[in-house]
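Quick one: this structure, given as structure tokens, is what I'll be asking you about.
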Amino acid sequence: MDYLEIKDIYFSYQSREVLKNINISINKGESITIFGPNGSGKTTLLKIILGILKPDEGKIFFKGKDILKFSERERAKIFSYVPQKVYTFFPMSTFDYLILGRTPYINGFIKKEDKEIVLNWIEKFNLDYIKDLNFQFLSEGEKQLITLIRTFIQGSEVIILDEPLTHLDLKYRFKILNILKKIKEMGKTIISVFHDLESIKNISDRVVLIKNGKILEIGEVDKILTKENLTILFDEDFIKFTKAESLFL
Amino acid sequence: MNKKIFVLILIFLTIIIFLLSMSFGSKSYSFLEIIKFLLNPKEGDELLLKIRFPRVLSSFLVGASLSIAGLLSQTLFLNPLADPFLFGISSGANFFVTLSLFLGLDMIFKFSLSFFSFLGALFTTFIILLISRMKGKITPLNLLLAGIALSYLFSSISSFLTIWGRDVLNKSVFWTLTGFSTVNIDKIYILILILIPATIFSILLNVQLDAYSLGEDEAVSVGVNIKFLKSILLFLIALLTGVSVYVSGIIGFIGLMVPNILRSLFGLNHLKLISLSILLGGLLLMSSDLIGRFILFPTEIPVSIITSFLGAPFFFYLLFKKRSY
Amino acid sequence: MKKLLISSSKKPLILLFILLLSFTIFINPKTSNGWGVNFVYNLGEKVFVFNGVKNSFSNEPIVLNGRLTIPLRDLARVFEIEISWNENEKSVEFFVGKEKVKLFIGKDFYYYGNEKKSLLIKPFIYKNLTYLGLRDFSDILNLKLEWNNIKKSIYISGNFYPVVKIKDDLGNEITFYEPPKRIVSLAPSNTEILFALGLNKEIIGVTEYCDYPDDAKNKEKIGGFSNPNLEKIYSLKPDFVFGVRGNPKETLINLTKLKIDVLAYDPKNLDDLFNLIITVGKITDKREEAYNLVSKMKEKRDSIVEKADKLKKKKVYLEIWNNPYMSVGENTYLNKLIEDAGGINIAKKAKGDWPILSQEFIITENPEVIIIAYMGQNIEEVLKRPGWENIDAVKNKRIYYINPDLIYRLGPRIIDGMEELFNLIHKEDLKEILKEEKNSSLFYKKGFVSIS
């Protein structure tokens, strides 16, 4: 039985086909990246995995069970999410933001143990200075970092990240990539969307090439990112773009 | 401002205003008489028991209801400017009242008119849910648009009926001026009957509400059942608004002001917000009623006019402040 | 079915009867319409009598060439004619109906509109007063002059419509050269006034709410009171529109722009109402009817006030609405009505004309009588209001309903409303008095509504 199976997914939005015939099989502890041009349906796919969106056709199986048959709470214990843009509508302290990671475990009221769990993680990451600050006033990098830490608090086995590094400066890119490495070492499964080849090389085991909602190819990271594949993917001549053999400069 | 001090001040003010409200009126009572009365209500003055105490208590309870309804709508809409009256519930309630007046149904039983307003609030809620469901996803924007559209529809039908019917015009105009001058013990019962379960329910949902404030997608990712939560919120808002309109007509701005004041001090912790909304909202409306009774005594100024005086400038303040977010 | 057997001999008689009947219907002798004027002067006296009232002269009459001349000013005063003096032409002008009359000092002719006519006596000035021959005057006004040689008296009589310049409460001023024949009323109170003056034929349009008297229901409807239909009114081609406060100002202004005469009033008390009725009487050539109506109303009012004075004053709560509780303030005519009817209005001390009262206030004031003045309120429900049990009116079940039209329409029936208030306020006392004064017609008036 596969760990996480994405089977025959079709999704349309406003009569436009966003995802067609998506089939991916993910192993436990694996780190897999969805890669492709803008508008190819990557974020949509992540949301379907999380249960935020429901596919028109197809199902997603976790350890053999259809994820839509899980309750929201059960799903949240399995999957956690770091979205592209982190945003709260109302001012809230960073501590309050973090404790929301405990939502799937809380019955009605926040308990002392919930608070302690959060405090532990804050200590581990040396974030004590931040915990009482208004989350809305943190920098992009800090927000992203905090959200990633929230996934620890959420204690899920699968972490889903949508372009986590896009708005960050070098310092935070570094920090987050390091944490991702640690997550991998802990044996968690990572599903991510990245745009830069550097991060993919660092973090991922496999890459899914996706274009116009269709999967082009799935393969190992060091084998799949050829200039030819990229040319097909982006309709851009990467072969002539650089004379170097490797694109990783 | 230290949060603990704020809460203490709130409690202190509530007690003072309560005592003042109880002692002031066509007949005055000393604070001592009031305390004696509270300890042994049955032995107290008839006027205190049957008129004044229900009045002061109901102004507090309606203030609490409206504040919670306001808090819940702001959470639901993810917008600090949201107010239960924004998305058509008051127009729906008013429409049902006008319709019942037009059809001559207002005298069927004792509180027919008020009951119809309550029914109207619920009816509007279901319509809004239906409309937004038709569009697929229930987004706050959809709800807002549905509410505004309904608001216009209901008020134009109401206006049409008032022109068509004879006495209806006078009656429906006066109806919006109600306030607490006609409250008696019967209305208290139903207020408590609705308010207590609604508050308990909201409190049990407090973490879900906090999580919802992250935005829909993230809320789902941390395990919130969005569909259920939104439906429940709408229902609770309608219930609380319906009962408030039932008791004292249309009163605006309390639902807007209270959650915003509290959020700026206590951040986003719905447990604290709900409990303090009861206190601050009750205090605010109780004070407004006292002012309305006091300024042109013995003529009463409807409490809705006082809250508008306080609330309108506050609304503008929020409107301009919001840009900094 | 019985067959009516008419013997042949009776047939011609019946025919004659029918003929006579039809004669009277179709050939109707003109009934005296309009202001009947009556001027009597006995030669040698220092006074003249106009419509029964003695008047003195500004200066004594002068007999010239066997004809009596009188200061024009005195005639103008009693006949309510506005005279204008033209210094350059040394002429005197006034209107008789639509025609402008122009007389010249020292000339024996005058102009009646464009027509040149002759005078018996040339008008002259004596002691700074313009004198005019009495017969000339009577001829100009188309009145009948009789000379009684035995009594040595002059009688002038006939119908006359003085041109009136009327100003309304909006500041409009209209001159009426003849009484209007097509009147539109924009309020139920106005409709009642017009009907009371006998203007059924002249009324061509009323509002939807005009339901009294019965004939009003059959009149053409021009829309509501706060939203009369401009085009409908215009299509009826009225020559006079009678409005009130509450009609939209824009509509009234637009009617004026369409060259329709509009007058709107805002009577605030009984005196305003009486003046309004007289004014309408002057406009519509129903002066007598107007004076009669007003004096009847005053008489009835005075008798009620007199009766009320003899009885003990009672505290009254007039409830004009129940959600919230509203009553009438000190400056309203309703407050005065209550007081004149022997009541003490508990809401008198509240500020505003239509104050909202708290229950506490009503309970503390403890009215002896509660009068419900709107439709749809159940008396039983009032008795059951929690906290109200100890109010005198509730304890003694003195809660009554009054027909709102009687007190909200400031029109002819307002005194009936006042009477009704009196009856309700003093109901208990009156029961005692009834036993003593069985013959008084005041208490057996129709329309007496009692719920007890």
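Read from first to last, the chains carry the letters A, B and C; within each, the first residue is number 1.
Note that contacts are C-beta pairs under 8 Å (C-beta built on N, C-alpha and C of every residue); 3 or more make two chains touch, one makes a residue touch a chain.
As the structure is a prediction and not an experimental result, all values here were calculated from the model.
Distances from each chain's CA mean to the overall CA mean are smallest for chain B. Of all chains, C has its CA centroid at the greatest distance from the CA centroid of chain B. Inter-chain centre distance (chain B to chain C, centres taken as mean C-alpha positions): 52 Å. Averaged C-alpha coordinates give centres for chain A and chain B that are 42 Å from one another. Taking the mean of the C-alpha atoms as each chain's centre, chain A and chain C sit 88 Å apart.
Residues of chain B touching chain C in their complex: 25-27, 46-47, 49-52, 55, 106-107, 110, 113, 163, 166-167, 169-171, 174-175, 177-179, 181-182, 184-186, 293, 296, 298-302. Within the complex, the chain B residues that touch chain A are 78-80, 204, 206-208, 210-211, 213-218, 220-226, 263-264, 267-269, 271, 325. Listed in rising order, the residues of chain A touching chain B in the complex are 47, 50-52, 71-77, 79-81, 83, 87-93, 96-97, 100-101, 103-104, 106, 108-110, 134, 136, 154, 160. Residues 209, 224, 226-227, 321-326, 349-352, 355-361, 363-365, 374-376, 378, 381, 385-387, 389-390 of chain C are the ones touching chain B in the complex.
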